[in-house]
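Just passing along the structure, written as structure tokens.
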């Protein structure tokens, strides 16, 4: 089966390995007339680019995007938008050794089992570079959403167990933290932890939170195509994500109904609202007009220089140290990836929502 | 958009409202030659049937399934299997009042916003009865998996914060607990909590855990169609689920790489295995041959008799008490629903995995 | 793979064998608020019902439809519409013999090869009764289209080589012909041919034409999801259809560009139109606002009483006469099936067309 | 909606406009282990390349393909294969004028209606260059099929009404005819007709036939996902195709059952076969093991230098002559496009067929 195409009406097809010619994406189903140029995409890609801080791999990759189709005279044409980022900073020799064994926590063994062999250079298709295609597509989706008054913003919620304090967090501080934490005091503490773990040749995980503002009520379909179900798939499909939760998430499992229910109320303007948002903006799988809130749990980077046990392709038990230029934590670079997958999903569900009510359809066509 | 069809190669289309003629499902893509009869399906449906214990709604519904197509002379034919459960115990008058306001924590408001109006009787399509179709389809999927040596089993992990002790848990005890908890001592404590909350007219949430045994390595596709991504969608699409995690899940976000990585080793029989299973059986989105483990967080039942604030359709703020026959906790009845969605997803990904390796395909066709 | 689900946004899942409990369909994705009742569906089903004329099988089947879900207080709710027609007139003993051999022109052999065995009663899933689900779904699709000013009408164009005269044809005459031919004089001649062929224990094929009026320009997507491509699939998926053409179709292959091109012109009202319609209403896969015209070629009924050669399951060459109550021509009963598949497809593409232009989307949401 | 992605398990996503950076395709779902290099793809692309004969546009385009991903050490890896052909011979100024009016027989008007504006250079996305992506993907599909003993071959059946004589046709002569007609005598007559029509500033249509040999019985799903239904969509999605037929096709509509039915017989080797093949290798939508035969009707090239009536964007009726370097007939260049779409479809259905029979699945997994 194919596995690199996402979405139903807004479709994203990514391709590329970490050490091949490049990484790319085809975005199919973007409405015509959207102002678009490479700068808009680059802004998103720069947020996941390595080598920006001492907490990410020192590999220097410019990750410059080129738009090859689907844009004419500064606007999208409605036809597929093909985008490509060339690979420039690969040192394939770094990886010749790992062809022979299975790195713990990586997909080496499962690729071999699935396909019979693998492109062992830098993780091949399971490399983190694969997310370049997601982010370029996410930039397009976010631009469409922005035209409709919908914003998507993610940030680091927690690193190695050190969490931001909601009261101290300011989204505008996000870029000031090398860890994309909007609470700069928590960021400082997390940086200290990271320094220590880097010395110990270890790595750290964390949590990314994402908030969608301005989404109308009515997104998501009952039963299988719930908005939160599609968001869960979108976010869990990002490498290293091991858990996804909406609203109060796992805390809701410990709560009682009298606390967890969000009471409806009327705003001064006379519209229906909720007094609280334990639900995270989704009721019965359908957006309720309040903020949509989700979190993703990311495991620590599996590539660590510390000695680890594993087996090689001959079936011998060996010990290895994964040298090379690896991120001690991937959470900060994953922030924009989560944001992108959420934007893609919300847009796809927005498209789907247009046909739920015959009266609104009539106004569209008649 | 349609939202009631799940899967790519093994497809499940459910239909039905809680107070219509019945609930049903069409299963398309089941292989021919599978021994099948209504008894096999009923066994699964009986596990979600209400009125079994004092901790579920006292509504008595037999939920008897009829197979209408796709089975001939005791075997599946490869064509769609249509199954139906008639609704028998509805008291529509119970619901006439709630047509006029929006119940907190329910989909009343979002349905109205999406569709312009709603079938207000018993939640309509967003009722928990919708899961009957999932469970009937899950029974079929589980039967196919069983033929291939793969088992799927779920149980209650935690109720209202009271968790099972892994060391005490025995799957064979699951049916002995009215809460489907395999640790009977923990079950007792959770029952006490439930008694108290029922007196307080409140409700309780919890966590369901599911384990897949015997799945071969190689299920799941890199990038978007990862096994864990599809499991996350499948499970998050169940009403009341607010979070999903694989393996160590959210705990992995607090772990360090040196602990979280699972070391590979060789078994006595000479095959590759892992010393631990923090990953939950999935590496890079592809099954690694060890147990696949996931958990779902379920919120407390939103229907509670305690006084709650809300608004009515006229835009007035009111207070309500949701009377009627409601479950004080839905976790135990959701156990078989999680199991079913996991079985459906694993089977669908198993089908997809058959075309990954040309040499294996050749052996199939030549 | 599943093969009984059609459509992307308006989805149709059919099920049922000719001699099982019944035939049914689940329609998922119908907008809410559409006036609907069983009478509207029955009207369509009655057009394909057997036993209406001496040129169809004398089996008397009422084919009464029941709506089981998705309609509340006379309107669709936006959730799946499940419909069922019970089987009532089956004589399974008629078919015990054909379990042992492969009827020429039927799917007996291919089902056995594909599935290992088959439900041999009356063709099972490959019976013409399978189209009941299509027609019930088509009635729903046509009702939505009617609300938007779009009509779909099919009729018999040709039977056994006897074609209608366009100049004589009147759609209002269609129901006056037992063959659904809108040219009553041609119908008479075709009836004579049929009488003769029935005496000769033979069967006859023909052509169905379908016209869509009122469809806006802009339906269909460039490249693979062209409107005509989807119509071709929809119509070719009907049993016995061996060819599909749009506009001038196969005649266009013999034409020259100077004749085949449709010149654009301006209407008195100041809108763009075409002077001719060789294209059949589709340019580059996208509707151009003129009538959409297509034709389907249907083979003669394969069930004939005349002696035929075939082989049995033991691998012996034998001769057979297919007795039983068979249609000498299936074209007239296929008319409403073609109409239904076209309606389903046009509606699905209409949904898809709503997201092509950002400015129109903005007007929908803002 | 997106419209540039084709297939379910073997998926093809194309992109590119005639005057953008290039044309490309992402092939997702190709099995790992297939020997692959650019030469194999180029061989297919060279068959559709312009400028090869005096009957195609004199534009010289090398159409050199580059593989950007999915191939490692000479074999496919199972991950997406991204291929690109740069555009080199565009003269955009040729097209500045046509931005202002709608060319008859082209998609100019429908693109404007659908998207609000269009990339008017050389047809943009609706240009024949779009088929480069189909052919590159078709080369991959054909290579997989070849490994399984299945061949796909297309050729020109008819040009401007001049048809090949089956008795004279030899596939090995196909490349000797500038029109890809395997009957060289018919080719000569068709060339004369073309010379005449070129002088008259006119264009010619024709018919392409395609034969699949070696496909096993069992491909295709009953009901909507019939093999012939998917072939019809695949082929009708090619620009300029106005009709598709399987086996006897439209002739079957004039035949009687006693002639049209294919009698089954036993081969000397003891396997089931058919004495004739009116059905074209498909019974009930499922391949029967005999040759699969289909035909596509292509309209004459709409771009002709002769004076034509049309309207401009201001709503004025005007006359135009379409100058530029256009093919007087596109049938010969479409041959490999039909072949490619058929190969893609057959492979996708082959994948789908693997899960129909539980016993065969067990042999795969156990």
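A, B, C and D label the chains in the order they appear, each numbered from 1.
Definition applied: a contact is a pair of C-beta atoms (placed from the backbone, for glycine too) under 8 Å apart; a residue touches a chain by one contact, two chains touch by 3 or more.
Note that the coordinates shown come from a computational prediction; the quantities given were computed from them, not determined experimentally.
Q: Once the contact rule is applied, which chains count as partners of both subunit A and subunit C?
A: B, D
Q: Among all other chains, pick the one whose mean CA position is farthest from the mean CA position of subunit B.
A: Farthest chain from subunit B, going by C-alpha centroids: D.
Q: On a C-alpha centroid basis, what's the spacing between subunit B and subunit D, in Å?
A: So the centroids are 44 Å from each other.
Q: Could you please state the distance in Å, as a whole number, between where the Cα atoms of subunit B are centred and where those of subunit C are centred?
A: About 38 Å, centre to centre.
Q: Return the distance between the CA-based centres of subunit C and subunit D, expressed in whole Å.
A: 26
Q: Give the residues of subunit D that touch two or more other chains, as numbers and ranges in rising order.
A: Where subunit D meets two or more other chains at a single residue, that happens at 1-5, 8-10, 14, 29, 32-33, 78-79, 114-116, 125, 216, 222, 351-352, 355-360.
Q: Which residues of subunit B touch subunit C in their complex?
A: Touch residues, subunit B against subunit C: 1-5, 7, 9-11, 13-17, 20-22, 24, 26, 28-29, 32-33, 66, 68-70, 72, 75, 77-82, 84, 114-119, 124-125, 351.
Q: Within their complex, state which residues of subunit C touch subunit A.
A: By the definition above, subunit C touches subunit A via 8-10, 29, 31-34, 76, 78-79, 144, 147-149, 216, 222, 350-352, 354-366.
Q: Give the list of subunit A residues in touch with subunit B in this complex.
A: Touching subunit B from subunit A are residues 1-6, 8-9, 12, 14, 102, 104-107, 109-111, 113-116, 125-126, 130, 158, 160-161, 197, 200, 202-207, 216-218, 220-226, 228-237, 239, 242-250, 252-258, 260-266, 270, 272, 275, 278-280, 283-289, 297-304, 306, 308-311, 315-317, 351-353, 355-357, 359-360.
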